[in-house]
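What follows is a set of structures to go through.
Both complexes shown next keep subunit A, but they swap its partner, so subunit B is in the first and subunit C is in the second.
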Partner chain A sequence: MEASSQQGCNEKAGAKSGLSILARPESTALVGTVVVFSFFAFFTGHAGFLTLPMTRNYLEVGAEIGIIAAPVTLLLVAGEFDLSVGANVALSQSILGYLMVYGGWPVADAFLAAILIASVVGAVNGILVVKTKLPSFIITLAMLFILRGIAQGGLRMLVGTTTIDGVRDHASEDRLSFLFASSIGPFSVSLVWWLVVTMLGAWVLEKTAFGNWIFATGGDRRAALQLGVPVQVVKVTLYIAVAVSTVFVAALDIFAINQSDANAATGREFEVVTAAVIGGALLTGGYGSPIGSFLGALLFGMVEQGFFFTPLPDVWFMTFLGVVLLLAVLVNNYTRLKALKPRRSGDIGRTLP
Partner chain B sequence: MRKLALAALVAAAIWVPQGLAFASSTIIMVTHSPPSDTYWVSVIKGLEQAGKDLDLSVQYRGVENNLNDPNQQRRNLEAAIAAKPDGIIVSDPTPSSLNATIKKASDAGIPVILVNQGGDQVANVGALAFVGDDPGTQGQMGAAQFNSFGSRKALIITAPPGALPFLDARTNGFKKAFKGTSTLAEIPLSDFNNANRIKSITESELQKDGSIDAVFSIGGCCITAMMQVRSDLGERARNIHWGTIDMTASAIRSLKSGELDFALDAQQYAQGYYPVVMLDLYVRQAIRPAEARLITGPVVITPSNVNHIEATGR
Partner chain C sequence: MNVTKFYRDVAALRDVCLSVRCGEVVCLLGDNGAGKSTLIHILSGVEKPDLGTIRVGGIDVKLGSPAQARDRGIATVFQDLAVVPMMPVYRNFFLGREPTIGWGPFRRFNSKAAIAIAEKALRDFGVSSASVRLPIGTLSSGQRQGVAVARALHFGGRILILDEPTSALGVRQVEVVLGYVRRAKDAGVGVILVTHNVQHAYAIGDTFVVLFLGRHVGTFDKSNLTEAQLTRMMAGVI
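Here is the complex of A and B:
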């Protein structure tokens, strides 16, 4: 795929017709999100879906996924995967909880230590991927097991259990705990982090030279190298960014629930990628949008919370989730194809896969 | 697109009447367990039967895939409060994480019954009562059975210590009451649904130590695998006593054939049923349970009294 196709297409197509605005990846995700929201608002609004606490709840779920989904989207655009994010959340929770509760560290110190360790993990992921040229799927899957094991084994060795209770209580005196524990109006502070990370991701991808390098890396690697794009640096940097984002989610989690858990965030790696794909990202690389992933994560959150108010028995949740996700992706795909249908002969070269 | 819209309309037509029925409904159970868990399937059956018998609408909401996800349980609890039901039944496995939210429910005037876990938290959260069992007692009763057989060396099939608090309580209860010595066959939590892994871990432990004369499965997870170990062992199996916590279809079969010496039945079906009765009495007649704790089990099931259970089909 042509390296700069997404940007080129967006700029030119935007001027041509109203429908073409849907050519941006995030616009198609918007359709799916609005459909899902309307569905729950209409059918379960009277049961409580539209109340403020529930809105707060699904924004919390969205943030847990979305804060990681933003950097993961950039990584997907660069053509790589990271399956170790869920385990990394659990490891970061364990590190933060242990240092604060047993080590007596202030929030800031514990947080920086966790960031440092996560950066090392991300760098190892990235360097292994670029040096061995093995599929990142395999390398980060191995990392998933390694990190999950370290979290479980480490906590058990250090404190005898795999959970640490009372983390928030312990840190309540700390000046910096408001960064992860406070509310903004009726909403959790995680919403702010989610918005900031998404904006940052979108800005980097669309407005900076580094963003162009990411597109180039995931588009045509050989062309990118010939143009002097430091492909390896791009990938390692993105792996580090992804790992660091998991520390933010870990911190928000343990302050929200007052507990660190080495078994936390099981399966988060797939939720994150799903959010990115709903948001328009392609698993083959070269195409994606952090804003789209934001909407994908939001959709995920609404489905999880909305299901509570449906009359369906709990055992059907997985099926329900699967069907909704499938519909969302189908709707997105349909809208994208409609929006990108060439209307003039000159457009043909810009049709996206 | 048109087809999709049509499908949505059809779905709406089916859904709306049910949605309205739910709006008038009443009792929600929020727990820390996925609904597919073998132990909880029975709790949910009890809950649903109580709903039918008392003509109430009941609903179960667990967590998805992890026996310990207090974050999701808290959100479900908040959703339950927002739905303004007539009563909430909630498990309390991590009081430091959940008590504040449970208290929100009782403060909002919704009667709360604690179920399964949190027996010592009734007063802290303003609940009417606790319905459940005590994991420590389960372990002790298991040990008492093996003591009566004269067993000297026990192998406990369980999770690594520290992985799940209630399994630790069962193991510790067992160790405290058992007169002989005991070792663990440690099953990683991620393998709890993998009967083959459980079997091979247990068999290696038996291989290592020829003096083991008692094998105890810590819960419903490991019964099928344990009985497979028994049949693989051949002659040696006859000199070993076999027991378990929890009652499953597999346990009933093995009790009937005499291969399993005993199973401790938590009778958790009653943990689904009693809370609904309590809440219904409270809502209609303002009747409060006088005792803070209603213990549903365990009772000891042996080959001599298993037939009665089998007849109930639960």
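Here is the complex of A and C:
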């Protein structure tokens, strides 16, 4: 009798671990990415979707989103939101462009200056959120306008336009420009940054004590506080990390198109959140995966670039993306609820011998 | 080791006196508004008494914060248990006190050790859960209580305060939780069980402290008290 109930328990545990693989946050994004890739490969492969330049293109689009999506995922897991990332990319582009072209600064100095300013912006975001306890949605929305305005207004005052041309030409002599302008085999260096940032994000979230605090901060703030987790430090740190990631994207951008633009990356904040949500992150906090967000950004890139080859006019791209996002959210929600369902009450009586 | 605590003239409490020894279960009883919560908030360092003293092991102590109370070996398991439902059991077990390995920037959460220690601590305490890797939200409410108690004791709790641990549970779950209390008692821990359920208290308690509207009605030994008497006292009918 005892033995048989024990066995029953073990079998259930086995079934449960099978389900827990399905319930990983990134599983939907993995399936979605494979489906979308197969779709475009099958229907538009002959038109050029499978070519190397095309692959390079969608990986570049993915990197633009994914490098920011990784730290944003951690921020979402901690239960907060950042709408200012697009504007922050534009501001960082403007700072880098101005310092390098007009200031004659080397790449490294300009880059460090941009990182420093972004860190201040991130810290302001974070401190405002934790001190006012207002929704981060509103605070970072305000920051979106403020930063975009500073980028546009600042450049207009300094150089009379909102774009600065010839960034790459100016920096071509610089030893460090390879960090943002080179190719690794057939692919842009942005792919390397994207992979590195994703791995770092996943490592921090899953493998460090700080990652445990991130989960707890967004999962149950009260419990985290009771157990002595420095919730405010966690949030401010993540806001800084998000802001710093925008500088990397800005640097890659201005080298890729040889121009900095104060109007760049409009709407990037939503693309990033789209990638994170397709990747399994919950907007309510406590759940998400940088690896899922990587796949979400990859999927975003494939859809955006692949759509060009379909017979539909590319203006339908948004609708298609919206449907993908909706499907992903529905599937993620379903699997998560399934994974978190309390076990049947029949198991409970056996907790004591 | 002897543990004694005295309180005098606290705003919502007047001259309340409570003591707990190792391996003893003291039930703090009272109807809603009797001052039970105020008393345990003082004991767990959340609030400070206006007058009176707290003694642990015969020494006067000041409990300025929950962390200080924890350092003195006073572990409180509140009603919400302080667990994060979506996180695995072992991550909850070590939340805020994660074991780490590695050096400098490569220092990381030692999940292997955390899983092993949590599994052992829960097994020793009789909390059988399918896996410590499952989200704690998938456990039954009784098991979750067990994890919270085992965690409190693992991190050096010598005095365990349980705040209404049975209030939202079914009959079977109550048995499970009272089993955990019994285990803690057998392990030599002094337990303060806060409840307004006389049945549950009488089943497990050694000593009963009854509060009524902030006053200390009395402290009674189980040997000279019936369940019916206890119920009447809680209602204020002496």
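Details
Simple rule for what comes next: the second predicted complex is superposed on the first by the 305 of 353 C-alpha atoms of A that agree within 3 Å, B and C clash if a C-alpha of one lies under 4 Å from a C-alpha of the other, contacts with A are read in each partner's own complex, and residues count from 1 in each chain.
The criterion applied here is as follows: contacts are C-beta pairs under 8 Å (C-beta built on N, C-alpha and C of every residue); 3 or more make two chains touch, one makes a residue touch a chain.
These figures come from a predicted structure and were not determined experimentally.
When the shared chain is aligned, subunit B comes close enough to touch A:M318, but subunit C does not. Of the two partner chains placed by superposition, only subunit C is touched by A:Y287; subunit B is not.
In the superposition on chain A, A:V229 makes contact with subunit C only, while subunit B stays out of contact range.
Of the two partner chains placed by superposition, only subunit C is touched by A:A339; subunit B is not.
By the touch criterion stated above, A:F215 is placed in contact with subunit C alone, subunit B being left untouched. Of the two partner chains placed by the overlay, only subunit B lies in contact with A:V61; subunit C stays clear of it.
Shared-chain residue A:F308: touches subunit B; no touch with subunit C. The residues of subunit A shared by its contacts with subunit B and with subunit C come to none at all. Per the touch definition, subunit B reaches subunit A in the complex via residues 1, 4, 8, 12, 15-16, 18-19, 21-23, 35-36, 44, 59-62, 64-66, 68-71, 74-76, 78-84, 94, 96-97, 160-163, 165, 168, 189. Note for the complex: subunit A touches subunit B at residues 39, 42-44, 46-48, 51, 53-54, 57, 60-61, 152, 155-156, 160-163, 165-166, 169, 253, 256-259, 261, 263-264, 266-267, 305, 308-311, 313-315, 317-318, 327, 330-331, 334.
By the touch criterion stated above, subunit A contacts subunit C in their complex at residues 9, 12-13, 16-17, 20, 203, 207-209, 211-213, 215-216, 219-220, 222-224, 226-229, 286-287, 339-343, 345, 347-353. Of all the residues in subunit C, the ones that touch subunit A in their complex are 66-67, 78, 80-87, 91, 94-98, 100, 107-109, 111, 126-131, 133-135, 137-140, 142-143, 146, 172-173, 175-176, 179.
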